[in-house]
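In the two complexes below, subunit A is the common chain; its partner is subunit B in one and subunit C in the other.
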Partner chain A sequence: MGKIAILKFPGTNCDEDVYYVVKNVFSLDAEIVWHKSFKSVKGWDAVIIPGGFSYGDWLRAGAIAARTPAIESLVEARDLNIPVLGICNGFQILVEASLLPGALLPNENGKFVCRWVRTVVERPKGPWLSMAREGEVLDMPVAHAEGRYYVDEKTFYSTLMKSPLIRYVDGENPNGSLYNIAGVATEDGVILGLMPHPERASESILSPRGFKAGGRVIFESLRQSIKRGW
Partner chain B sequence: MPLSHAEIDEIRNILRREPTVEELAMFEAQWSEHCSYKSSRLLLKLLPTEGRNVVIGPGRDAPAVKLFKDWLVVFKIESHNHPSAVDPYNGAATGIGGVVRDILTLGAKSIALLDMLYLGDPRNPHANWLIRGIVKGISDYGNRIGVPTVAGDAWFDPAFNTQPLVNVACIGIVRPEEIISSGPSPGDLIVIVGNATGRDGLLGSSFASKPLSEDVDKDIGAVQVGDPLTEKLLIDAIEVIRKRRLAKYVKDLGGGGLTTAIAETAADYGLGAVIHLEKLHTREPLTTLEILVSESQERMMIVVEQSKLSELVEVLENYDLMYSVIGFFTDDGVIRVFYNGSKVAEVPAKELAKPKPIRRASSPPMEALKGLKPLYSLPPEPRYDDAILKVISSPNVASKRWIYEQYDYEVGIRTVIKPGYGDAAVLRLLDGTNRGVAVKGDANPRYTYLDPFNGAANAVAECFRNLIAVGSRPLAIVDELNAGNPEKPEHFWYFEMMLKGVAWMAEELMLPVVGGKVSFYNEDHTGRQVKPTATIVGVGRVQDVTKTTTIDFKESGSYIILVGVTYPELGGSEYLYRVFRLEEGEIPKPRPCSELRNGRFVYKAIKLGYVKATHDISVGGLATAVIEMSILGNLGFDIDLEKVFAIGAQRIDEVLFSETQARYILEVDPKAINNLLKLANRFGVKISIIGRVTDSGEARFRKRDKTIASIDLDLLRDAYRESLSREIEGGI
Partner chain C sequence: MTSTYLVEVIITNKKGVRDPEGETIHKHLILRKGYASVQSVRTGKYLLLSVNALSGEDAIRIVKELCEKLRIYNPVVHDIEVRLRG
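Presenting the complex of A and B:
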């Protein structure tokens, strides 16, 4: 069995968290890979781009990392059907690299926000959401300054409404995202990006009162999908 | 502070000749208050620094305390008051950067940040600008380096309108056998790693060692600018360097820059050094003097054996970190500095590192009498519904959500008790066990202003209680004493009293003070000092993070227990200030015996599983404590004040709002109540069953059958959650 690559850039800061959860909570094999050593997606079971501030968020969040050879090599993942997950800054990178549609703008109130929120899954499909139910509520924390998702109306209706989608529960949108969008995926769900942090919501000890560990389903889906396909 | 004439004579004596300009600059940087503690050193000896858990005490960049047999906790407090007054964003950000690098010097992994902020009135435009900038600076820097900001303290008072206090702390953990502590030997190479040296922060420590100018823009050149990306790379690289044992010694280039790093290291190990300044990587052409005293951020000194240099360089290059090998240590105790082959300075390390301590004159000002005056006539009793709402919506009491939601307090996936949920933050060690560490920072500027000795002692006690309340065993503290101008006896008196208060209470509670900082010259351009403030940060040992307790009420029907005796102690209280604008009177007495007895009892009761929620009583008194438990648990309560064990209270407010020390509120399951009473008896602790948790959606205080106050929970919740945001963002 192959391994999950956790991509690390200068400024990535959730790599060890994702590694710990993938390895210790879900018993999956993983490795933190420094971007300079990541040559190709081939040979990996899945790639996770964790959160943080790659290249210090200079220019725009994710903009510089999106233009590194490591990320450019991810284009292949689509053709090879290798699952890719971008969390927070990883989502920003995927959007900057045009692997996912839309853009992530500074939060509406201009401030960084760290808070637990409730999200809902729509049209779950693919390696990251195969075990989620339609309409399932996932509690996870967000922690970002540039998470306001923007997309034009046409793309939203023609593409996103046919693909797996994660939306903030009405009234819990922390950043002013259009259509309450928290995460988007390719139509087959192989590439998923989301602002909330599933790795911070994978153990009940870390869930504050009134919230459940809503990130588990994402890693459980991956475990299942690696074994049996999706 | 420029060198005095006497100091320049002293330097001539040391060198037996006229100093060069470079030498003068080196002495000015190193002999500044900030670096040398010359005014405070004699008094600092009073602090108890030893204990069986202390592994490294004061002296190094950061102390280390035994958390468990196989883990050390390394923690440190810093102030960045002066830079934050001039440039709040960069001033606060670089405070975080500096304190994190101090933790790095021992090779520890930084797992938490705390910020203790003493800020101006949010409705004052200048203070508002400072508040926003300071919080954003901490947010942007702390978030980017991936260290969660999990706890702290925030206080708002017009005394801090132009000169805020920004105290930050960092907590790290390291395995005892992996700590970097072997120390340099003659012949070892001096490598400077990180940012290129520039003209920012020139003589910043010297700037922090004098009052602010009237025109603060004049001081802007002394403020450093932060680069969190480089800091993050330093963190990552030093982790590898520690694992591969490539460094013999690591030191931050902080206050005093290159001069201090080299002088202190050489002096501590009886060494000298040879430095070639032209080898240092710089951002722009600099003079030799500028190179020696620049305080550019994100720079560290790594001492490496010659044979391991190539391996070290390989690690640094992998992380794209800039570095230069600028010299080596020698065995003759003299620091020789060269530039392109010509000698620019030759100074004995020991004499440079430690100027002679100064015994400053100290005498109380007339103003200090305000804190000695007993409150013999209080204003008439208010309507208690209104008074409670006023206190709960005070920015000093209300939820600090506006601040902590701007911080990533989750990164690292260790934060078990998060901001707003407990009296202290609790972090798990993530080592396959359930063990963890509790951390908290505390101060009360109003107390230390009215009575610096007792106020500082109370800060130590409050920190102790906060650590107990989550179920941890307090281990050690560090302190930051923020004071006025040490050259003015009536300012210095506050410093002296605060220090003695900390020393006394730390000794009584058996909490070694393993490190600390002193910040002087916290006065505005008119010479008025801010409220002198003693900030305490403590760490506690958590055996099992799944058995810690939070503040929130858990279940309707539980008993509400008050631990400790209540005295009529309203002097310096939030209630008197918020409701009557009074800031006077004797502050609550420190009660070390009660603290120890009650603390041990609460610790034991939590450990035995009798307790469902715990909250210590501090600012705002009993009323505030139970209302916070109620709001966070979304449950009401019904309390009979007649049941409170109070001595000498004549009025209702003396029970509701007294800030008597050594008290806690516990939520206890009816099934456990008999066991708890027995335990209290065994410990000789006074406890009172004062009421029940209810699902009525109402906070109710009564005296037997007479309702004293009855307030809808939604109203209280709104006041508690939103008041600070309304104060800062505007609105009613």
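Presenting the complex of A and C:
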């Protein structure tokens, strides 16, 4: 017990980075789990779907992984209150699986965008953001080609504005996301998905000048939440 | 008796969902080269399925069903057109 599953699909490439950060920076117990070996969320303290290019981004980023038994089994996480985090391609998988609302479209500029951005947390709540403050600015890098978040106006106001939300600071939206959205969560914050990479922003030595290691709060929140609840 | 039918699936962004690729082709190529009569361009994804079915309608039904169930398109942002080739 007390373990975090880091799911790996063919094409996932951020699993080792997430594992390193969770294990060595935050001293949490973790395991990289091949998707075919992942049968159930039961017995895990949390599940992280790392970034990469699962199934080569074919059809749409995340669309094929979303239909695997591993991801289909995550529906249970909602009922069992097991924290799920999707980073980048992991976020794309969660929206394709309808575990989070909206969709992620090709970037507005048609290109792969890789750079540090500033994001702001709204209504922090749940295991991934319990230690974040309202309005806290989190600096993290993005690296994606399909990160333009789309959601209809009704869902935005009725659901997302009542849930934890991570938005790009005005003027730093790297992909044309509606409402500057960088990450969304379920209302209780148990399932969170975001395009920026918190695992690449967890050590100050890896942060470029002028940026802080904004990803730390996500893993610190998880460590506290696993111990003491949220 | 089944026959083989070719079924086309065309996936495009819904109205209201921006299509930057289409916009770029329109503005920076077509209009720039003087084809002012072209009002807009929308891009999409094309799939051609070869299906054994009892009839053309049956083939379309199978493809429509799998498009929904396997989420070949994303209903949040896409429209699809399913039609027989021929």
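Going forward, the second predicted complex is superposed on the first by the 229 of 230 C-alpha atoms of A that agree within 3 Å, B and C clash if a C-alpha of one lies under 4 Å from a C-alpha of the other, contacts with A are read in each partner's own complex, and residues count from 1 in each chain.
Basically, a residue touches a chain if its C-beta (ideal position, glycine included) is under 8 Å from a C-beta of that chain, and two chains touch if they have at least 3 such contacts.
Here the structure is a predicted model, which means the values were calculated and not measured.
Once chain A of one complex is fitted onto chain A of the other, the partner contacts of A:135 are absent, as it touches neither subunit B nor subunit C.
Of the two partner chains placed by the overlay, neither subunit B nor subunit C lies in contact with A:171. Using the contact criterion defined above for the overlaid structures, shared-chain residue A:108 touches subunit C, although it does not reach subunit B. Of the two partners subunit B and subunit C, it is B that touches the larger number of subunit A residues. Legend: residue contacts after superposition of the two complexes on their common chain; A:96 is shown touching subunit C, with no touch to subunit B.
By the touch criterion defined above, A:63 lies against subunit C but remains apart from subunit B after alignment on the C-alpha atoms of chain A. Shared interface residues of subunit A, touching subunit B in one complex and subunit C in the other, do not exist. Subunit A contributes residues 10-11, 13-14, 16-17, 20-21, 24, 34, 36, 51-53, 55-58, 111-115, 141, 143, 145, 197, 199-200, 203, 205-206, 208-209 to its touches with subunit B in the complex.
Residues of subunit A touching subunit C in their complex: 59-60, 63, 66-67, 95-96, 101-103, 105-110, 150-152, 176. Residues of subunit B that touch subunit A in their complex: 136, 139-140, 143-146, 227-229, 232-233, 318-320, 404-413, 415-416, 418, 421, 428, 430, 432, 545-546, 550, 552. Of all residues in subunit C, those touching subunit A in their complex are 13, 17-18, 20-21, 24, 70-72, 74, 76-77.
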